[in-house]
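What follows is subunit A paired twice: with subunit B in the first complex and subunit C in the second.
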Partner chain A sequence: MRPFIKALAAEMIKQHKNYFHSKMIYVSLFVWPFLNFITTYYSFKVFDIGKSKIAYITAENMVVYLLLGYMCMSFFRSLVQSAWNFSFERISGTLELIYLSPVNRAAVLLGNAVSSLFESVFVMLIFSLLVIVMKVEVLIIKILPCITVFFIVTAMAVAWGMFLNSLFLFSRDSDFLFTILEEPMEIFSGVKVPTALFPLWAKAISIIFPLTYAIEAVRRVVLTGSSLYEIREFAVIGIGITVVLFALISVIIKRVESHMRITGNITLF
Partner chain B sequence: MIIAEHLKKTYIVKQGKGLFREKQEIQAVRDISLQIEKGKIVGLLGINGAGKTTTIKMLTTLLSPTEGSYFLDDIDGVKYPVEIKKRINMIAGGERMIYWRLTAYENLWYYGQIYNVSNNVLKERIDTLLKLVGLENKKDVPVETFSKGMKQRLQIARGLINDPQYLFLDEPTIGLDAVVSKELRSHIKHLAKEQNKGILITSHYMGEIEELCDYIYIMNDGVLIKKGTVKELTTETFNRKNYVLRLDKHSKEITECICDKLKVVDATVEVKDENDAIYINSRENISMELSRACMEAGLYIREMYEKEPHLEDAIIRLSREVHHEAVY
Partner chain C sequence: MNLKVLYGTMKKELMIKYRAYPAHFFVGNTLTGLYTVLGAWMMWKFLFEGNMAQDFSEITGTGDYISYVVVGSLTYLFVVRTCLNVSRSLITELREGTLESLMLAPFKRAEYFLGSMLVQTLTTSAEIIVSLIIAIPFGIDLSRADMGAFLIAFIVSLYAFFGVSMVLGSIMLYTRDTYISQNTLFAFLFLVCGISFPVQYLPEWLRVIAEVIPVTEAVNLIRVTLLSGSGISEQMQSVQYILLLSTAYVVVGFMQMKRCEEIALEKING
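This part shows the complex of A and B:
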């Protein structure tokens, strides 16, 4: 266990020092979602939200509703973004050296995904402050369910980030996964429009994104004061998704390495 | 001791573009058997594309061999690659393979962590290694400001971070200046002789190989074509003598005249005329006949010497011979 933790910590520190120099990260984590949020907010304002089919959205709490959506998305995105780091490591040849070492591969993947956790928490904090400043009166929060949801969402986000990271190790050509999984994530996870309003086909797509569940749960505990009992379904699904993702990750890690050792593609970039 | 037997590596590459890409097999290594003893430096030579790097990657478990067996101190490297990884390291030449934004110390620290070097040992080891490669006062400077040679020296420190028992060096001195590569060579020697590490090195600089290696394997097109010590290889390949002759006069007729006279002694003699010198290649020792021939023709010898055979010539010659055999 100690080597695992050492490697995890070392990987986090390294990625942090190596990649978070760049201010561009903050642009994509924070500025874009925020601009998006503003435009969405004003385009929604035109309509009469009060009559919407979703019980907990009112004209009053709409802004918070949207903020929560963007907050969750930023959080997920920041963990996924670290997967890009591996493409740099492939080019610089350091990925090969990681594979040359006996280090636990999962520790490196986890460290890499979590390296952006500081940034993510920072982003969440800013969003939360915004929420509080703007509409403290619409919040109906029970502490315990809120904390539970926070932990499950974090676990899901980390698992999702690691999962994409592991796929990214397969080959340099897995960039396309980002275009497949990143953009639709925003559209189909209910960041703006609640998934309950989706047509059936879109609902079907939305269920593959862990973010969908995360956003829904966060909104429930923050806007309607759901109790632990009321969010039990989410808790089960969230933990289930996390477990399944981790199982997939451990399979992929093994596959990736034997694939690399056969094709020698680790040095190709 | 490392014992590798009949290693083989076939790459499958997809050719062309689009959905229906043709698969093509590339036999990078067809049959390699070699041994590396602790405390010994072994050279692996061959022209570009001979399969040296592929062989090293199999020995470092970065590639799995298509066929063959590999044991390191009785550990089965094909079955237990992780056990091998703990005991080895690899250093490749070039500026890549380090984190440019991290300092020298941070780089070494990171690699020390992933090799699970205990923290109190690591601190000391990093200092020792940085001193060893002459970077002790660049410890806290980001690597991106380093010169090529400095990056490469850091690379060498990195390769020693887990105190490996066996070390694989793939063209470690490529692009280094004479002074630095000389230092590096003496260090490699030190690692083998004083610290009893087994070392495999590839290089295109023959002087380096001749100076360092206790034993040499030469490969071409994925197979071993010769092995032996430097001396064995050069004399065996060059059982013929090479002379260089410079006379006070120089012309085509003189060369032909000398050639005719030598043919009487050794029918296989080859005489070549280049620049202002005559190159003679013969099976026998013909220095006596050579000087006599010159005297009889009334020519003064300005310079005459026998050329030491070089490993580089041996490799090129061997590779060419093998190539010819393959063609015919």
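This part shows the complex of A and C:
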């Protein structure tokens, strides 16, 4: 267990230094989510908000509704980005070194994902403050369900980040994974349109993304004051998803290594 | 006129695209268009059931949100692709270790960047055609399009995008960063250039900034030629404005790029 923790800590420190070596990181942490959020806010203004089909989307709390969606998405997105950053290990030639060392592969992936969590929590904090400052009157929050949801969402996000990291181990041509995972995540997870309004085919896609459950749970505990009992379904699904993702990760890590042993080349392909 | 550098660059760029990144080249490019259309359509259809704000049709002159947003988003896709291809070309050479050899060769900047731009135009055009076909069942209405005017608007817009990408490229080469600079610029352009909503919704100071970015007017020009069938003669003022503004961007971009190349070469080993 000790080597695992050592590798995990080392990878976290390394990636953290990698991300925060320049102050430019704060642009991606604050400026991007803010610009995206403002754009979506104006994109909603072209519609007649009074005629929306969801009761809790009104002109008054539309900002909070969107902020919550974006907060969750930024949380997950930074982990997707961490996976993308991990692909630079291949370009820089350090992936080979990692594989030559006797380090636990899962510890490296987990370290990379958890280091992004630090920035995710930072973003979440800023968004939460924004929500509180802008519309404290529309919030109906119970502390315990909120904390529970936070921890389950965090576990799901880390597992999702690790899972993507492991997929990026397969090939350097993994940019397309972003195209098939990141943009659909925004469309189908209910960031802008609640999944309850989706037709069956769209609902079927939305269940793939852990973010769908995260957004729904966060909106329920923040906007409708759901109790622990009322979010029990989310808790079961969230823990279930995390377990399944960890199982998949361990299978992928093994397959990647045997694939690499056959091809003998991990720098180019 | 010897266009060897232009052809050479085009050939190299195409080979890199389909040999080194085949999955992204074929899968990624096609899907991006689908997502753009789908995202806007789902908001319009499921959340608001087609109910638009009253001032939307007053400002834009159309109640057809889907056509408005699809044309805007696909034009934006062109901006992004141009910036990704042209702006990143030299910094990629630097990263891959080929900048020195490139500088040693009889390297004509204009042809080199134009070559990158043409490859991008070809691939993105294919991507846009796929997206437009996808957009038909979602309700895009191009029945009033003036194709002649659109073609001129398209070429003028490409010049505008080229100008923006040259300025961005010099910033990238100077800062040796692509990730932060490109994504910040893209997010900002998406906000201020009237892609998914009219710029009139923005505060006054942001509208002033939008006016000095040629992309804003280019998006407008493409929209009017495709959606309201406006002839190019009616849009001459807009065309002149884009050409003038883009020329300023191209001149500044080329001057800065040359300076940044020198700085990048000096700092090539750290």
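Everything that follows uses one rule, which is that the second predicted complex is superposed on the first by the 242 of 269 C-alpha atoms of A that agree within 3 Å, B and C clash if a C-alpha of one lies under 4 Å from a C-alpha of the other, contacts with A are read in each partner's own complex, and residues count from 1 in each chain.
Note that in this section a residue touches a chain if its C-beta (ideal position, glycine included) is under 8 Å from a C-beta of that chain, and two chains touch if they have at least 3 such contacts.
Quantities reported herein were computed from a predicted structural model and do not represent experimental measurements.
After overlaying the two complexes on the shared chain, residue contacts for A:V31 are found with subunit C alone; subunit B is out of touch.
Contacts of A:K45 after superposition: subunit C is touched, whereas subunit B is not reached.
With both structures placed on the common chain, the touch criterion links A:K192 to subunit C but leaves subunit B unconnected. The wider contact with subunit A, measured as residues touched, comes from C rather than the other of subunit B and subunit C.
Common to the subunit B-facing and subunit C-facing surfaces of subunit A is no residue whatsoever. Those residues of subunit A whose C-beta lies close enough to touch subunit C in the complex are 22, 24, 27-28, 31-32, 35-36, 38-39, 42-49, 51-54, 57, 91, 171-176, 178-180, 183-184, 186-187, 192-194, 197-199, 202. Those residues of subunit B that touch subunit A in the complex are listed here as 11-12, 54, 57, 60-64, 81-83, 85-86, 89-90, 92, 94, 96-102, 106, 109-111, 113-116, 158, 162. Across the complex, subunit A is touched by residues 20-24, 27-28, 31-32, 35, 38-39, 42-44, 46-49, 51-54, 56, 65, 95, 177, 179-180, 183-184, 187-188, 190-191, 196-198, 201-202 of subunit C.
Of all residues in subunit A, only 2-3, 6-7, 9-11, 13-14, 17-19, 21, 92-94, 96-103, 108, 258, 260-264, 266 touch subunit B in the complex they form.
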